[in-house]
Structures are given as C-alpha cells and as structure tokens.
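Per-chain residue numbering starts at 1, and chain names A, B and C are given in the order in which the chains are listed.
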Amino acid sequence: MGDEVRLEENEARNPFFSNMDTIMNVEHLKMYFPVTKGLMKREVASVKAVDDVSFQIKRGQTLGIVGESGSGKSTIGNCLIHRIQPTSGKIVFEGTDLNDINNKTKRLMRRTVQMITQDPFASLDPRFTIEDCISEGLKIHHLISGKKEIHEKVCEMLEMVGLNPEVASRYPHEFSGGQRQRISIARSLALQPSFIVCDEIVSALDVSIQAQIVMLMMKLQRELGLTYVFIGHDLSVVRYISHNVAVLYLGKIMEFTSSDELYSHPLHPYTKALISAAPIPNPTVDRARERILLKGEIPSPINPPKGCNFCTRCPYADERCRQEEPPYKEVAAGHWVACHKVS
Amino acid sequence: MLKYTVKRILLLIPTLFLVCLIVFMLLRFIPGDAVDAIVTRMTQAGQTVDADAVRAKLGMDKPAIQQFFIWMGQILRGDLGDSFFQYRSVQSIVNKQIPVSLELGIISLVLSNVISIPLGLYCAAHQDSISDYVIRVIAVIFMSVPMFWIATLVLFYPAHWWGYAPPVKFVSFFENPIKNMQMFLVPGILGALAQAGMQLRLVRTQVLDTLRQDYVRTAYAKGVKQKRVLHHHAFRNAMIPVITIIGGSVGALVGGNVILENIFNIPGIGSQIVTALGQRDYPVVEGCVLVMSVFVMIVNLIVDLCYKWIDPRVKFD
Amino acid sequence: MEDTLLEVRHLKTSFLREDGTELRAVDDMSYTVHRGECVAIIGESGSGKSVSALSILRLIAYPPGLIKAGEILFKGRDLMKLSNEEMEEIRGKEISMIFQEPSTALNPVLTIGDQITESILIHGRVKDENLTEEEKKKYGSMNEKERAYALAEDLLAKVDIPNPDVRVKDYPFEFSGGMQQRAMIAMAMACNPDLLIADEPTTALDVTVQAQVLEQLNQLRREYDTALIIITHNLGIVARYADTVKIVYGGKIVEEGDVYQIFEHPHHPYTIGLIQAVPRLDLPRDHGLHTIPGEPPDMSKIPSNCCAFAARCPYAEPECSRKRPPLVKVDEGHFCACLHMDKAQEEAKEVLSDG
C-alpha cells in the first residue's frame, strides 16, 4: 500500500507542476568544449559544439532536432537533461531556470526528464535482469517500495511498451535491438517523466523495427501527454514524429519550423539540400525531384567558417555570407531562418 | 619527428638523474657496507686494519648526500670511479663486460625474433593444422620449462656422452668467430627460447586477429593472393603490438642474463653486478646500472620511433 | 540490357555453428544481372543479403561459412568451378566490391595510393596491351609503377578528391569518411570491372555526403558501363538508383521485379509492409505509418520448406509453415513468392492509393 499516496505527494511537492503551455524555453544556449594542449593543459581552441541556440518546446509536443555528425545535436540533448552544464545561456524547464536549481529540484528533474539513447544497454551491467534494469530507478527515487509492488509496476511498464511481462526475469543480451529499445523506453517511463530526450533511438534498427518504435513513441505521447525532443540524422523519420523541426548545422539552428512547412516551404539552402539528399521511397516521385548536391563536407567545429556557418558549401553564398553572420529571425509565424538570402 | 627525438633525448637527463638517485639510495639501504667487507676479508687474511681509515680512504666517511654529489660530479666529468676491490676503474669493467652481455643479448634477441615471427606467421596461416598444434605446444614448453634446467642438461649431456665442454675463456668475435660462437651460441639460444615461445603465440593471435579485419577482406576482393595478404596487409598491422613486447624484452636481454652467464661461465655484466652487490662494491654496481639504463632507454626510444614507421597513425606530440 | 552478365542459380550458403546447427544464410537464391544494370538487393540485417554478394566473389571464410550448392555463371563461366588462381584473376578486375564501413575497409598502415595501385598492378591494368590509345599518350613514357600512381591520381580526381597528387600519399586516417568511401570507389573502378558489388556503401556516412557519394558512384558506373549490385536496407536509395529490385527475407528472394513494379505494385506482404513502414517526406506528416509486427526471424530456426515470413504475416495460414511458396510470375519480369498474394494485394491497393 502507499504507492499512490506517495506518488500524489510527490506530484504535489513538484515545484515544476504548472499548466504553462511552454514546457521548456532555451535561450542563447552555448556549449564550448576546450581543446587543450601540452602538459599544462593550455587551452588552445574551443569546439563550438552548440553556438547560440534558442527554441521553445510546447507541452505534449515533439521537437525534432536534425543534423549531421558534428552538428551538436547530441550536445543539445545532454544540456537539456542537465547532464552537462552549458558554457552560457538559459534553459528554463517548467518555470525553473536550470542555472540556479538546488539539489532537491535537481533530484526531481532527474526523474521527470529522461533520456533514451541509441544503445542504452551498452553501458548496462549484463548481469542485471530486465526487472533489475527497470526497477533500479524506481528504488533510487523511492517511487515504490515492496517487492510485489515493484514487480507489478515492472510488468505494467513492459506491457505498456508492447512486451510480454514474462521477459522480466531475462537478461538484456537475450533481446534484439528493437526489444532492447522497448525495454529502455519502459525503464524511462517507470519514473513517470514528463519530458523525454530521444537521441538517435531508431538509427541502429531495421526499417520494420524503426517504424514499430516510432509508432510506440507516438502512442505513448498521446496516452501520457509526454513531451519529446527527438534527435536524429534521418530527416524523414524525425519529421514524421515531430511537430516542429530544428535543422542544425555546425552548432547553429539554420531553420526552425513546423513539420509540414518543412517539406512544403523549406527556406534555408541547407534544409533544401538535406531534403533533396533524403531519397523518397517511390521511384516515380523521387526521380522527378530536383537534385541539390552539396560540395565538400562539414567543416570542423573548432574552426567554423567566418560569417554564415554554411557559406563554404552553400550554392548561393556571396561576399556578405562570408563576412557577416546571418541573424536568426522569424520570417513567418513559427518559421525561423538564419540566412541572408531569405527576406 | 626530429623535434620529438630531441625532446626524448633531453628527457633522458632527468630520468638518468633519478636512476642514479634511486640506485644510490637503495644500495645504502642494504645492511652492511664495503668497509665491513674489506675489514672482514683483511682480518681473515691475518692483517689488522683500521676501519675508519678504510672508510676515509673510500670516501665513505662523508654524509651520504655529499657522497652522492661527489659521485654525480665524477659522472659529469665522465669518470665512473674505481672499484673498491678490483684495482681497476669501473670504466674498464664496463668496457670489458658490457660487450659480452650485449653480444649474448643481441644473439638472444635476434634468435627469438627469427624463430617467433616466421613461425607465428606460419601458424596463423595454417590455423588449427597439425603443424600449428605441434609448434604451439613446443612454444608453451619453452615458456614454462625453467631455463636453468635446460641449460644444465645442455651442459651435462654433451660432456657425459662425448666429453665436450664449451670454452670457458672469452674470445672476442672479431678475434676468433668460431671460438666465440662456441661459447655464445648455446646460451644465446637458451636465452631466446622463453621469449620466442611467448612472442610466437602473440604473433599468431595478432595475425589471426588482423586476418579477420575488414581491410583484409578488401584486399582479397581486389584479387590479392593469400600470401601477399598475409605479408603485405596483415603482417604490418599485426606487428604493432608485437613491437611493444619486443621493446620490453630488449631491456631484459641486454641487461645481462645472470643465470645464463653463471651457468656458462660468461663474464658478462649481469654476473659482475651480482658479485659487486655481494661485496657492496658501490661504484661498480652504480656505474654498471647507470650504463645499462642508458642502453635500455635508447632502445626504448628506438622502439617508440619504430611505432611511427610501422603505424602512420601514431603522432608524436 | 538483355545481355546477361551474371546468373546466380540456386545458391545456398550456410554457416556452421559451434553447436552443430546450420544457419542457412542464403537459401536457394537465383537471380540474373544484365550488363550495365543496377540491381538492388533489399533486406533487413541478417537476411542474408550481404552473404549472397560475398558468395559471388567466393569471399565466404571457411570455416564457418560454406557455399553448399549453386552455380554462379559470370559471362558464361561458373565461378564455383574455377581454381583459386582463376578466381583471383576475376576479383578486383572483372568483379569488384565496395564495403559498408570505409574506415575499417581500408588498410590503416598503407597509403591510399598504395592501396589503389595494388589492384592496378596485380591485374596488369597499366601494361601496354591494356591501355587505351588516350592512356598510351598520357602514360606511355613512364614505368609501370609510375603509371599506376598516375592512374590512381586520375581516379581520385574522378571521384572529386581535391589535390589528388598530394592526397594519393595520404593514409586513410587523414581522409574523412566520405573521402574514404570515394577512395574505395576509385579502387574498385581501377580496372574497369564489369560488375561492382556495393554492400551498404553509404550507411556509415552523413546524409548530404551519402547523396554525393551515391551520385558519384552512379555517374562512374554509367561512364564505364558497369553493372551494379547494391545491397541496402534503405528503400529511398533503391527507388532513386535501381533498375531492378530483389526483396530478400530469411535468406530467400520473396519478390523481384523492376523498380516501378516493386514500389508501385508490390505483391508480397513483406514488401508491402516494408514500403509502408518508411516515413515519406513528400506526404503530410500524419500520412500513417504501418508496421510489420514481430522481429526478423532467427535464421537457424526456420526450416527450408516454409515461408520465412509466415510468423509475421497477417495473411499467414497453416499451409504457409509447411510449404515453401515458389516464385510465381505476376507480371512481365515481376515474380513473387507468396501463397496468398491476392489477399495482400487487395489491401495494399487501398493503402498505397492513399499515397
């Protein structure tokens, strides 16, 4: 007994508890990693992994962050869950500024904000059973006590993610990639989070399993009112699950807009190239499309180009783009772009 | 590369200073000193000696720190000092004995590589064949059987059956190569065996491991013949960890193999140090260890430079 | 197009496990590749798609792998009957291959130039008798090694590597992932092969780089009139480049046809499910994704005489687990192995018409 009472108490004590429309507000987030040299660890440069990024996330919605390697998308995820302290900038979660939270709210945040990664089991003790994995967080956060109650909760969670509760006594290595991903979702959900950062959670999975996980995440969002940040490199998957999409390039947001707008009215040349680079699985449609092929590869984030980050590969770049950084401005309601060529 | 080499050579200086300090200190921690040894010996010979006089003569009446800096000063002038017992300079001992140990070590080093690398490659190429099993079993035997035991057998049976014994007087290789080899070849082989066994197994597993790499598959897909895949693609990659092991063994081999030197009566630096230690002949021990340290450090530097040559990904900085 | 280059007949490749069981990675596959054609083999991980390609070059390591049966007719010769030496002549010269992970597929201790020139020299590509008139003018005065390096530089330039004369001396770790894969392509095309096999060539690359590399590969293939077998799980790439498509499931081909037939009139329930499981950028966000229930099968547990997809198939009936469905012609050049494809087709029409 006592589970529900305690949960309710927790809820009541929750300082984040409020009904604001915006669950998270990120302003001018910067994350620079120092590059050191020599014995004295002299700082010679910095990797500008995330460079002045601002966005808002609405409650119950999904923000997609899409970018190639080195774009800083995972770093943003780690800042959002407060795993790393950003160099500067403000993250306000449920009205609380993460820069000045105390230990108690930090603990609460560790529960309400969860992260799921590409292969979470790679870092898990292979001798833990599935039940151990899922119940570990429950015990740490004192959400439930009692062996029987915990077991029931674990079974409930497994059912919620579409697994047979009988698997609770088995070990991670007995499961396929898709099943493991379901288990890690169950593990996060057991803590009753309101906000989940999904970092490339379907990238390593087969096509048919990818769709299963995407559909599962969408179903859980509808049922539990969860808010997601969905990080990925596959534009079509990210767009499918997200309400809004932020296109990231070298630590900066190039374009931010709603998912439907993204394909119908992309404005930034990089977004256009990204859309063009993602082939559509229908030969008639795809072969009729305009192809934009970018030259070269992403520059190093230690040495980003002067002016617009994208100017080295942009087909439309001119002198201004190479000198002056384009402002990140709202060109239509909810549609933000950082490009000199877009008015 | 050049900058790195210079940097490493400069780093030798503080390292050698530390070696001096440690050797010096450790020696003084051993109970009993050279003065006791000399006094005991001379008393047994029926002479009366004044311990303090001996002490003063050897310069050991001064505080240890002062002795240390006096010794360091000598070294900086290129003088390793004189032996307490042997009526000759440490320099002459080193000059005479280091080449002996070096020869034994080099023979062992060359032999262990000549045995282990081709055989390791052969075993990898013929994985799980009968010859692979036989070679591996022999390798394990070499690794596990104590060397002094084999050495004793090797000395005893020829003497027992044919009355043959290896020469006991050292002859330089340039004077009489045959006599020299008669003395050195057998201990050289014995010194190589354990290292060869270990290295053979390492080469085999490393080559097998690289043969499973994607780039080997790429090479086959290009139409490269198996022999060339083995020698050109797998071998160099497999040697990267083997070089580390070879580098580690060089120190031990060049440093003189006391057991072998004793059994075969080879006047090497290993047995010299042991004798000197027993007598508390400080200058000899200190001088020999110092010279050997220089050798080992130079060899390590060469090994590190070899890495760059064999693995282009290694960066010196 | 009708000129047959490669004919794989009843290929069976197995892996023998330590516990004595046999994993039938490729279970009786047959297909044909014509000159200059781009054939896509689609399948999920463990479906046997890569093994079938490695089997063509006889690159299956024994043990544990073993090509148990089948004929691989390349230009009329059965590769299975060739000696190792004859096979080495074909590898890299007439059939070459590109692998998934360029960072591990290139030898880290050899320069890019060494690795490209290796196949050029082995196959005598720059011997006088193998040079074209144009090449003779260009390389005529050099010795063989110089010619090989000159050709390697030209190849690198062709795949858009900047400063090829400098980069040819670089080691693989000095190249980015995209450049490594382009160097692999240059290496594979060095001897103008008739057939190029690309095993997931761009899976490890970034999206925009992937598009560059594939475009390059396609252009070179056209220029040299090389047939391409592309092995992938990315349906988009297939839709963009392939002429014909083979859908592989559980080591068997379940459906084959030209790219339009497969994507627009799929017959097999697996093909239908797969096409609907991929989100499409060109449709509104909530276009509805369909999932195939369950997991890919454990290949060592499915018997040969059944439909491997039966366990996940919504139309499966008991007979599906007892009988292996034959590949049946459903249209010109379009074959499907399913006992209930009519039912699957009915529903597919509804779903696909939405798109």
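Brief remarks on what is shown
Here, contacts are C-beta pairs under 8 Å (C-beta built on N, C-alpha and C of every residue); 3 or more make two chains touch, one makes a residue touch a chain.
Note that the coordinates shown come from a computational prediction; the quantities given were computed from them, not determined experimentally.
The greatest centre-to-centre gap from subunit C, using C-alpha centroids, is found for B. Per-pair counts of C-beta contacts peak for the chains A-C. Measuring from the averaged C-alpha position of subunit A to that of subunit B gives a distance of 57 Å. In this assembly, the C-alpha centroid of subunit A lies 33 Å from the C-alpha centroid of subunit C.
Residues of subunit B that touch subunit C in their complex: 213-215, 217-226, 232-233, 236-237, 310-313.
Those residues of subunit C that touch subunit A in the shared complex are 44-45, 176, 178-179, 206-212, 215, 233-240, 242, 259-260, 263-264, 273-275, 277-282, 284-285, 289-293, 295-296, 355.
Interface residues of subunit A facing subunit C in the complex, by the touch rule stated above, are 68-69, 176, 178-179, 206-212, 214-215, 233-237, 239-240, 259-260, 263, 273-287, 291, 293-294, 297-298. Partner subunit B is touched in their complex by these residues of subunit C: 57, 59, 84, 88-93, 96-97, 99, 101, 104-111, 118-119, 122-123, 171, 173, 184, 187.
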